[in-house]
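Okay, so chain A shows up in both of these, paired with chain B first and chain C after.
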Partner chain A sequence: MDPSNTLDSAFAPSENVVAREIEGEIIIVPLVAGMGDTDDELFTLNETGRAIWQKLDGRRSLRQVIEELATEYEAAEGEIEADVIGIIEELSRRKMVSPK
Partner chain B sequence: MSKSLVTSIPIQELPLWEKRDMERGLFSFELELTARCTSDCRHCYIRLPADDAHARSLELQSDEIARIADEAVSLGSLWCLITGGEPLLRKDFPEIYSMLKRKGLLVSVFTNAQCITGEHVELFLKYPPRDIEITVYGVTRETYERVTRTPGSFDAFMRGLDRLMSAGIPARLKAMALRSNVSELPEIARFCRERTKDYFRFDPLLHLRFDRDPGRNEEIRSERLSPEEIAALDTADEKRAVALRSGCADLTQSGPPADANGNHLFRCGAGNGNFCVGYAGMFRLCSALCHPDCTADLRKQNLRDIRRTLVPKVRDMRSERKEYAEACGVCPLFNLCLWCPAHAHLETGQLDGSVPYFCEIAKARANALKIEN
Partner chain C sequence: MNKESNPYTVRKRLDEAVLWPDRAPKLGGMDIELTERCNLNCIHCYINQPAGDREIQAGEMDTDRVKTVLKEAADLGCLSVRFTGGEPLIRPDFTELYLFARQLGLRIILFTNATLITPDLAEILARTPPLEKIEITVFGMSPESYRAVTGRPDAYSTTMRGINLLLEKQVPFIVKGVLLPANEKDVPAFESWAATLPWMDEPPDYAMFLDLRARRDSVEKNCGIRQLRYSPEEGMRFLLRRPEYHRTEMIRFCKKFLSGPTDRLFPCGAGKGVCVDAYGRAQLCLTLRHPDTVYDLKNNSLDTMFLKFTPEIRKMVARNPDYLKRCARCFLKGFCEQCPAKSWMEHGTLDTPVEYLCDVTHKQARNIGLLNENERAWDVTDWKARINSLE
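Right, the complex of A and B next:
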């Protein structure tokens, strides 16, 4: 994944997952096989992951996502960028998000 | 910002479960799609004929199921068990199954496998179920069809099972132990374990019918094994014996029930984090609890209100009978018994009725497992 190209792309959750908020936690439920390392897994997002996930609407570019999060969390854009690229790589590898 | 953004967790290790146990939120529900079935099993507590037009006319439609599922999901439910009757008899099963999956539910299916088609296989490959459980009534045509009383059912079962297995769809096999198949139980266990190595369970406890049909209830009673036979089956299976001892120890070591008067009826978890939807839309705290004071109509009331009003009222029900408070209400062998208010109602018409057969089973098991009474 080339970060410079990726940052200009907008990503959205795949139609093959459903994100649920239960008891304050975001749980990603795969609808199809092969997303987890085993078929007996669900996925949870920590607070940062959740903040990023909620902005993956297929319209905002990742660069916009980073700018918004940097403002909201009063954090350095470089630090946020690493988190955003990290989660996009992980979720893309599992086919849970895709560029729009 | 921290680095561990996405965590994959085995379903059984989700921290959610612990929270749910403490806060008693909703986490699962059982959905009876139909009471109709392709078989006519001697021991069945619900079965109606496959072509029963009246039963079919009462069944929840897919839009009604979607509304109930939406409510269950909004209350936090993560798991749905589709059962019946035989749920695959419904022509709209694929539509209902897919709809439940797309709501983010983990979906399990209980089936006799007799109706499994290529379309079902494609569906389960595309949207894998949490699990599929299939009951094996016998491993010979003679025994299987002695139980199901349906010619051709054994071949249909084997064909359906083969379709799933050859497509690599994992199915868990289980059995009921009854008079008509007990002689074949070792072969049934072997058959099941060969196909699902990590899992096999059998149930020798037959409860009576939800519709209280006296003729069918007599058939069920005639299929029941004796308490001594049940105890012998328990002790012959080491894992099962350990689980029963452990379950009973948990209860006996935890002291008397929360209500020291012993008149509290519900000592189980019915309705706490789960509920059951009957095929005609009846809300039940558990699948067997059909007493009219304990049910509600999901076609007329919403789930949130039912859980807020009916469930606590039922869970707080007490017996006024001294006999109950001195026997079942404080019995330390509770976990070895089939007794619960739901089954007591099916047997006696009363939620606090005593059932001598269940007492005998608990005592025979305690004796065989060397558990202090």
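Right, the complex of A and C next:
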């Protein structure tokens, strides 16, 4: 994944998953086979993951997501960028998000 | 930003205590009986109604009503729904309901006899997996056994056809048995075959201490079920075919669930989840159908049930002097299947001891050394020490 290209792209949750917010936890439930879910496990997001996920609406570019998060969390954009690229790589690998 | 280490997605065990250490969703899980009708006519069944009974069918929740209940359950944080019956696949809208539930992000546990699994349905289950293993009850290993149990000799071949379709499509499932005089001879063949199935991590479970009719709707059928029941001695002999496995499981269960005597009727988990019957009435558990404990969802929501109805029911205490003398003083209550649901099925009350279950429980407790011969559990005062000393 080339970060310079990726930052201008907008990402959204894949149609192959349903994200549910239950008691403050975001739980990602696969809808299709082959996403690695097993009988007694499920996917949730950690706090950083949750903050980023909630902005992946298919309209905002990742660059916009980073700017917004940097303002909201009063953090350096470089640090936020690393997190955003990290989660997009991880979720793309799991086929849980796709570029729009 | 609050820095945490990667990865950003976390795989967690599907266990509320782990997912929500200091809180939990309002609704842990839901059973939904899509119908009480079944295409088989099993002699031991506690609920089945004829497949073609139009009057019963007309009273069942329609597609939209079931969807509303599923949506409410998802809104209350429910993670898993068990589709059961009757035979849930008998409903023509089964696929629609299944896909609707999956789109809500619900995991589905499907209880079925497998006879109605078609190539199309197997394909759908492969493409949109239930995320929980399907549970299939197998009634024997020959057409003769199936004829004797289900009334339909062709049900053996249709069951195996359904199972083979799931195998072809790699849809995970497990099989379970029902121990009956008509199929007991099949047990070795059943267990050998079950061991070859890819998702059977343990030997199959059996229903063996049979329930009477949950709606108390047939004296004749109840009479038949009583005759099919194994005695406590016969049941013990069967369970002790694998003595070490049985003992280990029993001890694990006792240490986890035996919590001491109480006159409360519901020291169990009833009411933490919900069971919705085929007609849209909510119950605290799958078998508890006493009219005083059923909540009609026609004009009410699951949310109000949890807020107002269930807590009141769970406060109920026993009044029957016989129950107070025995069950309310018995430390095996968590182990015994004696509960308001069983009392309802056997006696039409919530708090009448069920002798058969009491005998079964005492037999099993003696076997692992919790009770001495001739000792009754309600006379035991050092029960905590006895449980702790189990090894």
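What we mean here is this: the second predicted complex is superposed on the first by the 95 of 100 C-alpha atoms of A that agree within 3 Å, B and C clash if a C-alpha of one lies under 4 Å from a C-alpha of the other, contacts with A are read in each partner's own complex, and residues count from 1 in each chain.
By our rule, contacts are C-beta pairs under 8 Å (C-beta built on N, C-alpha and C of every residue); 3 or more make two chains touch, one makes a residue touch a chain.
Since the structure is predicted, the reported quantities are computational estimates derived from the model, not experimental observations.
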**Message:** Let me test your reading of the model: by the given contact rule, A:I52 touches which partner, first (chain B), second (chain C), both or neither?
**Reply:** both
**Item:** Contacts on chain A seen with chain B and repeated with chain C across the two complexes
**Value:** 18-20, 22-23, 25, 27-29, 31-33, 37, 39-49, 52, 73, 75, 79-80, 83, 86-87, 90-91
**Item:** Contacting residues of chain C [partner chain A, same complex]
**Value:** 1-4, 6-15, 19-20, 23-25, 74, 77, 79, 102-107, 126-129, 131-133, 172
**Asked** Within the complex, which stretch of chain A touches chain C?
**Response** 18-20, 22-25, 27-33, 37, 39-49, 51-52, 69, 73, 75, 79-80, 83, 86-87, 90-91, 94, 96
**Item:** Residues on chain B engaged by chain A in the complex (per definition of touch)
**Value:** 1-12, 14-16, 19-20, 23, 25, 73, 76, 78, 101-106, 125-128
**Footprint of chain B on chain A - complex, ascending** = 18-20, 22-23, 25, 27-29, 31-33, 36-49, 52, 73, 75, 79-80, 83, 86-87, 90-91
